[in-house]
Amino acid sequence: MENAFNKIITIEQAMENFHDGMTIIFGGFGGIGSPPTIIDGLLEKGVKELTLIGNDTGFPHIGIGKIVSEGRAVKIIASHIGSNPVAGQLMTDGKLEVEFSPQGILAERIRAGGVGLGAILSDIGMDNEMVAGGKQRMLVEGKEYLVETALTGDVSIIFAKKADPYGNLIYDKSARNTNPLVAMAGNITIAEVEEIVSLGNLKPDEITTPGVFVDYIVPSKGVNWTWAWE
Amino acid sequence: MENAFNKIITIEQAMENFHDGMTIIFGGFGGIGSPPTIIDGLLEKGVKELTLIGNDTGFPHIGIGKIVSEGRAVKIIASHIGSNPVAGQLMTDGKLEVEFSPQGILAERIRAGGVGLGAILSDIGMDNEMVAGGKQRMLVEGKEYLVETALTGDVSIIFAKKADPYGNLIYDKSARNTNPLVAMAGNITIAEVEEIVSLGNLKPDEITTPGVFVDYIVPSKGVNWTWAWE
Amino acid sequence: MGLGIDVRNRIAKRAAEEIKNGMVVNLGIGIPSLVPNHLPDDINVMFHAENGITGMGPSPKKGEEDENLCNAGGFPVTVVSGASYCDSAISFGMIRRGRVDMTILGSLEVSENGDLANWIVPGKKVPGMGGAMELAQKAKKVIVLMNHVDKQGKPKIVKECSLPLTSARCVDLIITEMGVFEVTNNGLHLKEIFPPYSFEEIKTNTGCDFHW
Amino acid sequence: MGLGIDVRNRIAKRAAEEIKNGMVVNLGIGIPSLVPNHLPDDINVMFHAENGITGMGPSPKKGEEDENLCNAGGFPVTVVSGASYCDSAISFGMIRRGRVDMTILGSLEVSENGDLANWIVPGKKVPGMGGAMELAQKAKKVIVLMNHVDKQGKPKIVKECSLPLTSARCVDLIITEMGVFEVTNNGLHLKEIFPPYSFEEIKTNTGCDFHW
């Protein structure tokens, strides 16, 4: 495969972008659409004290759950942790700080960071202390809203079906989920992909994430966890 | 063509959704991707005192420009009117109120309306009176932003390449531009399309605007203006 | 949940009657997931999953699961003709913009004015709200399917919820094994009683007053 | 603008030298549109159009125009291998997120500290800002290509702009028919003089002090 943009790298090279204490934004929803090879690379490299931002904590041995279960994160911003009891236990034990954000608002906050906005104004969960606690409020045209701050991170890790050497991405079915949003939010974006095709092989109209947002492409070794439903 | 969702209608039926004094959000960028058949229908129906929201005023005889040039709008929210001198003259004569919004921020304001947010916080044009005048400001994490309010309208009019009977849409090349954003912002959304295909004919992965956002589908009679470059 | 499959199906069947042609409907887990089994064939409905599917179909056969095609709970589904995928932001955009006609979900408690408490048990379970708040607050119609009483036999339909609210004044209809309640501006209205339950039994097992 | 095509091409050629492999570059109308003609073949660059194209190619042949494939000015273009389309919101997301490496645009005036005035002539022309503010404010590098003086022979590089600003302190490099200026924290630096102009001529026709 030609590598004219120098974006195609090995998982080992990809790991050079990670270090202790950083903020990682991850794609995926219940583990589906989370990048298995990068997650394993992170576990192996042993990075710790991470702040994670993403939809949920997966399952104990699925998706980002593997990193959470190993105690590598000190904080997570997510919409729920219910499918990963280990995360709940770590939270209860005071070992994991959890900031809950309503799912769609979390998605919009990640997107807002990705498109260079400062915040969005939302009316979701305004009366709920867990959502609204400590947040600024603002009156716009007579209606009150919460100020939901944009989220960005040091590195975004995402999972896609196909990439070309420029990093143009298409996703597969519901594994798209938060990935196109997360793709924009990282200062560096690393896409794990099932297949790399030649430049010109993806139709310009069907590309979901333009390669502009993608710094590195890592070939996937495939999903190596057992799904909850199996 | 089967019409199981009762969304496919004639241009005459579509016109029943329009009346004087309403707010119309239109797709298109320099006329490209604006719906010619609906625009002609509006001219013919003679609706007036319209508030228009969209990227620009097109050219005098291209795109939404036709409606502006005929004096049917009392207000427009756009990012520029430079390609339509008639719009500039109407503005100078006090016959057309123009609210300018930076192009990408306008797109985000329309999107914000389309996804049910109240506003976005932007740092574009903060020192510029034409952008910032009269707008609220807000400090978020030590940085100041303008509060850019979300935009919605009574009806959105958009242009797409293909629709299925559910209103799932795909766009053609750069004629996509603001259309997927405008598609979400109207209380009613009417899509003019070049081709209607059977349900199941569009691949679920390649659909850009889910039919959920589309109320009506009108077959296009094709572009009936002469492009500026011709 | 203590309810047999027959009773669960009866609740689901009654909920299915609320679905009209052309609707976009989001289904929660549990009893709501049984609703599609009870729809007449001539109804065009698009089931919405908040992870980014419009047009969910039935579960795949064993061995035909696709790991990249799952619902919001992480379980494999299929899609119908006319389905589409989108990212999570657009999926919730549909909800907040009022394009999702109905959400059918379970609950721990519902109050007489439609307050919904279905996401947290303090000191016990703090799973996070997921997409529940947005669905409860923004779906055009909110239908709750649940047991009439909890495991201890205590009413789940109450004057005021004891658990933290997911969203206030959002529920429109409650369907239990005993009957159907509508939430109105004047409080609860009992609309239907399911055999073999009596009016008196419903009264005894409901934690608030209601009209009928 | 009073500059012959040879001079315009020289300015464009000099601008092209600023483009490095792998860059994403947005081009304004006028002289900037000539820049692609001067790029070496071995450079991979993606030209960005704010209406939603990444990977614009040259203009189509007469008769081969596609009405649905135009640049932000509304004129027909083509695309290169690896191009993609997106909606306008994402297109500007690229700009605001700092993913557009360079914008090359024209201007009415530029001040010694890099203020850009290129969008409005009060009382004369109020076309709106279009995407100029976002590009000026957020592209990683802003290069202005313009005549050194206006039609009346007055300097366009000035101490302070007399026209309303598009964006303050945003310009990094100015290329005119006379030479190349870099905007630094210490003010303007004259980096190159183009023949046949002399240092004195530049000094006379520039409305502010500069280092060299």
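Letters are used for the chains, namely A, B, C and D, taken in the order the chains are written, and counting of residues starts over at 1 for each.
Simple rule for what comes next: contacts are C-beta pairs under 8 Å (C-beta built on N, C-alpha and C of every residue); 3 or more make two chains touch, one makes a residue touch a chain.
The chain lineup, named per UniProt: A, B, C, D = CoA-transferase.
Since this is a predicted model, take the numbers as computed values, not measurements.
Across B-D and B-C, it is B-D that has more C-beta pairs touching. Distance from chain B (CoA-transferase) peaks, on a Cα-centroid basis, for C. Separation between the centroids of chain A (CoA-transferase) and chain B (CoA-transferase), computed from CA atoms only, is 32 Å.
We define each chain's centre as the mean of its Cα atoms; on that basis chain A (CoA-transferase) and chain C (CoA-transferase) are separated by 29 Å.
Here the spacing of chain B (CoA-transferase) and chain C (CoA-transferase), counted between their Cα centres, is 35 Å. The set of chain A (CoA-transferase) residues touching two or more other chains comprises 108, 115, 117, 123, 171-173, 176, 204-205.
Multi-chain contact residues of chain D (CoA-transferase) (touching two or more other chains): 79, 85-86, 89, 92-93, 95-96, 138. Screening every pair of chains for touch gives A-B, A-C, A-D, B-C, B-D. On the side of chain A (CoA-transferase), the complex with chain B (CoA-transferase) involves touching residues 108, 112, 115, 117-123, 136, 138, 140-141, 143, 145, 147, 149-150, 170-173, 176, 204-206.
Taken in their complex, chain C (CoA-transferase) has these residues touching chain B (CoA-transferase): 22, 24, 44, 46, 48, 54-55, 79, 81-86, 89-90, 92-100, 138. Taken together, the chain A (CoA-transferase) residues at the contact with chain D (CoA-transferase) in this complex read 4-6, 114-117, 164-166, 168, 184, 199-200, 202, 204-205, 207, 210-213. Touching chain A (CoA-transferase) in their complex are the following residues of chain C (CoA-transferase): 49-53, 65-76, 79, 85-89, 91-93, 95-96, 125-131, 133-134, 137-138, 164-165, 167-168. Taken in their complex, chain B (CoA-transferase) has these residues touching chain D (CoA-transferase): 29-33, 55-56, 59, 78-83, 88, 91, 98, 100, 102-105, 107-108, 111, 123-125, 127-128, 130-131, 161, 171-181, 208, 223, 227-230.
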